[in-house]
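The structure follows.
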Amino acid sequence: MQASIRVTLTPAVQYLLRIGDTALVLGQRIAEWTGHAPQLEEDIALANMALDLVGQSRAVLTYAGAVESAGHDEDDFAFLRDERDYRNVTLVELPRGDFAFTVLRNAMMGTFFRHLWDALRSSSDPELAAIAGKAVKEARYHQQHAADWMVRLGHGTDESRRRLTQAMADLWHYSAELFASDAIDEAAHASGLGPRWGDLKDAWMRDMGEILTASGIAMPAESKFLSTGKSGVHSEHMGFILAEMQYLQRAYPGGVW
Amino acid sequence: MQASIRVTLTPAVQYLLRIGDTALVLGQRIAEWTGHAPQLEEDIALANMALDLVGQSRAVLTYAGAVESAGHDEDDFAFLRDERDYRNVTLVELPRGDFAFTVLRNAMMGTFFRHLWDALRSSSDPELAAIAGKAVKEARYHQQHAADWMVRLGHGTDESRRRLTQAMADLWHYSAELFASDAIDEAAHASGLGPRWGDLKDAWMRDMGEILTASGIAMPAESKFLSTGKSGVHSEHMGFILAEMQYLQRAYPGGVW
Amino acid sequence: MKLQERFDARIDNGDFIEAKDWMPDHYRKTLVRQISQHAHSEIVGMLPEGNWISRAPTLKRKAILLAKVQDEGGHGLYLYSAAETLGTSRDQMIEALHSGRAKYSSIFNYPTLTWADVGVIGWLVDGAAIMNQVPICRCSFGPYARAMIRVCREESFHQRQGYEALLTMMEKGTEAQRVMVQDAVNRWWWPSIMMFGPPDDQSPNSAQSMRWGIKRVSNDELRQKFIDATVEQAKLLGVTLPDPELKWNEERQHYDFGKIDWDEFFNVIAGNGPCNRERLAARVKAWDEGAWVREAAMAYAAKQTEPMKEAA
Amino acid sequence: MKLQERFDARIDNGDFIEAKDWMPDHYRKTLVRQISQHAHSEIVGMLPEGNWISRAPTLKRKAILLAKVQDEGGHGLYLYSAAETLGTSRDQMIEALHSGRAKYSSIFNYPTLTWADVGVIGWLVDGAAIMNQVPICRCSFGPYARAMIRVCREESFHQRQGYEALLTMMEKGTEAQRVMVQDAVNRWWWPSIMMFGPPDDQSPNSAQSMRWGIKRVSNDELRQKFIDATVEQAKLLGVTLPDPELKWNEERQHYDFGKIDWDEFFNVIAGNGPCNRERLAARVKAWDEGAWVREAAMAYAAKQTEPMKEAA
């Protein structure tokens, strides 16, 4: 049981894993702040966000298991899948960085999820639409929370501005992957399962433009860098996340938790 | 195969695991510097030390397997043992810290191993004595390398002195565990397998006293803190070391590497 | 001393003292010390369990653990607020923690070594905490009593979750998991029963706190009550409590138990427990590394109010 | 131009040029660029493999990997020394790397995602490197040629170890391990054959380097030789190379192969590969965080020589 599962990677399953894995890995990273945040209110807010993301991931992975029809539950996907079968975007696997890094990533991902869930409310699949209906409210809060901090950091002190600017330099170029549509997106679009992620780009750019303007931070030019976590080619950070996350399931075969 | 092994923890096996595990975990920590040291010469020197320590660990764990007679090889011990059965001292599992922290720990452990291997050359067991004969030369070099850096840092700049002093405050109190003899030591002493670790304390204090004097650093008073890794009660860092180190063996049952 | 007399009368009458009421300095100081220590315990207590969030073995357990640790942060928040009504700021209390002047519950100076520790903390540590805290829901200082009501409700939920996690492993799990649970119980049992504090005859401040209605039940009485309840739960769970002298005393109608190693207790309190330095260092690091964030938030807030001042 | 003539004659004669010999400025600059780039490649190349030291699956493999990465550090050291004989200090070269002016081999901008990547790097990347480097053992600049002899000997040892690690997994391992090996081959094959550089007709500096005896064999010729050798090794290993157009051409007595995606190559060189930023950031971080150590060592060394000066 502790050997990895083989996933039948149909386009629909891949589309769902991209969503479920992105939520899970971002939740894992955000949860690292618990007990270590700059102030108690943020410990609580970040733990709450991580909890929302883990919850979204559970719903989507469970649903992916139903779509795959190979008997895999949420935990099989989370704990017994090889790195190469994980389909989250690379952005969410980067180490948590400082608070500016986390706030910017949360703004980018909160904005993305908000529009993704919003579009998924009209999914042809009622189960996914129902998951989206709940999740979109959470994503709106995540976006707002991060946007508020972006403004505070952008207009706070010289140091907070410097750190937020550095975070932009480190993170912005990972956004291209979010919108690089491919055959998986086309299939989801064609079946009505969900939107092409590329179709969310305009709304994302508009929101991020507003948040950046309000924070007094310039939007960088597009680069030719394109990360590829969505197709299972991750950064070198991913292996360490999974080693830690999956260790117990791997080391206690047959365990019931 | 990926489930943990059950180790028959006779006193002799425990005595050997303390040595083999301490070398292994210290080697694992020192190896983290590879590619990230302050200068290329130190990348090489630290990798070399890690290599020596892994080699010593392999020899001792293999020998422990022979003593245990349950068919466990070095890799069973290293990769399929639970944290609670690991018997290294806590000092070596602490995160690598800055270069001053590493240099001080290497001085403390290099000095300890030098005297331990020296005593083990007279082990009643010829195999362990042979391992010790080779290892003592390596430990002498590790001690010397660390001692040289202690002097440089102690008499270098204000910053290097401040960092070395901080490392003393963080590390020194972990030395008590090295010399807290117990029934395991008594049994090794009685059978002639090896010295009571407590009997190495005077020589260690003398060497460390010299190194500290040469570095212009005061020796702290003894505290009542006593770490307990040697009996399998580790710090919270240990679980993360093992999750990373053991992941592949745990995730690929039946694998041949 | 009319104020003092009125205060004493209200205490005797079982009335709540509220923040703006007159109170003796010593009462105020005792409360600030106790409530802030309690708040610090919640915050420091986030660390040993937080240590397992990234490694929780299922997504359900990860969610439960995240929610629990988040609740502990929430408890810290209410308790700091309750203490602040007495005129000491949260920053002052945190400074006292970081400088080592203020204490937190010594139990959090033990490490969480396995996943079973998370369940055992829920069962034993939260269980002992609730036993300690339920009487505080009737404490004479209103804001503290009200905070404790909410805290206790959530803690007892956590305790049930911890016990349920252990029960799952013991009843449905593998032999390796049962070994893990028993090992965790072995390590946490004695520290848990030390959580009620030193024996009554060595607890110097208890009498005054009893008199003031801050403390309602004695250390030894609470400890006995906890042990009596826990022995039964351990049986149901299928674990052994690591005390060979633990046995039912028909005459006392209580469980007798072995001698507690108070030297260990006082050594841990004195700073020499397995994790004292690391716990405090983790809190100080989070605080120091977050300084620029708090400064930025304050600077931004100040800028927002400036235009208003100018307009006034 | 007597010096120039004598230099040309020695080159034509196949003699070594030594560091203190006269040489044209452009020759010197070309060598410094090439040797330092080579040294940087060794140092940056420690990172992708170093990434797996803590996770090596057996202690033997951990030791082999540690020794290999250590050797790469050693290669960096000889190569920096060889370049230093030309009048540029190691610090200057490192500064050029960190500022992005100097390059390193683009292959190290790909991530090591699985343990099999470590074996494949040994087999393909070291294999390609050796193919590139063997001719440099006959390069016209003596210190570089001599450094390369030692480097090549060690590299070919590493290549055999990498291949052997893969063979073990393919022959004795599980199906999951074989899938892992094939996946790593799929990802590293094309970047490996790009290591020989752009096609000869797009390689502007090659002619001059050939003329100077710094380069001995053309990019395309080396690439073909590597492919021919590797196809046979792949068969023995039991893996497929991910190029459907790869097939023996009886007439050419070589393997034909598919079109190389040079856009990818130039995009990675331009800084947009998967790991460019992280590799450079890791090196800069190590350097910056080690500044105080180097300063302390220098300050200490200065203090040691001071008394001597005073005595003089």
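For clarity, chains are labelled A, B, C and D in written order, and residue numbers in each chain start from 1.
In this section, a contact is a pair of C-beta atoms (placed from the backbone, for glycine too) under 8 Å apart; a residue touches a chain by one contact, two chains touch by 3 or more.
From a predicted model like this one, the values you see are computed outputs, not experimental measurements.
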item	value
Farthest chain relative to chain D (centres taken as mean CA coordinates)	C
Separation of chain A from chain D, taking each centre as the mean of its C-alpha atoms, in whole Å	36
Approximate Å spacing (C-alpha centroids) for the pair chain A, chain B	40
Where chain D touches two or more other chains, by residue	55, 176
Shared interface positions of chain B, touching two or more other chains	3-4, 239, 243-244, 247, 252-253
Chain contact topology (line, ring, star, complete or other)	other
Every chain pair meeting the contact rule	A-B, A-C, A-D, B-C, B-D
Complex interface listing, chain A residues touching chain B	2-4, 82, 239-240, 242-244, 246-247, 250-253
In the complex, chain B residues that touch chain C	3-4, 83-84, 170, 223-228, 233-236, 238-239, 243
For the chain D and chain A complex, residues of the former touching the latter	48, 51, 55, 111-114, 176, 183, 187, 267, 270-272, 274-275, 277-278
Chain B-facing residues of chain D, complex	43, 46-47, 50, 53-63, 66-67, 69-70, 73-74, 76-77, 80, 115, 165, 168-169, 172-174, 176-177, 282, 285-287, 289-297, 299-300, 303
Residues of chain B defined as touching chain D within the complex	24, 28, 31-32, 34-44, 47-48, 50-51, 54-55, 57-58, 61, 74-75, 78-79, 98-99, 151-153, 155-157, 159-160, 163, 244-245, 247-249, 252-257
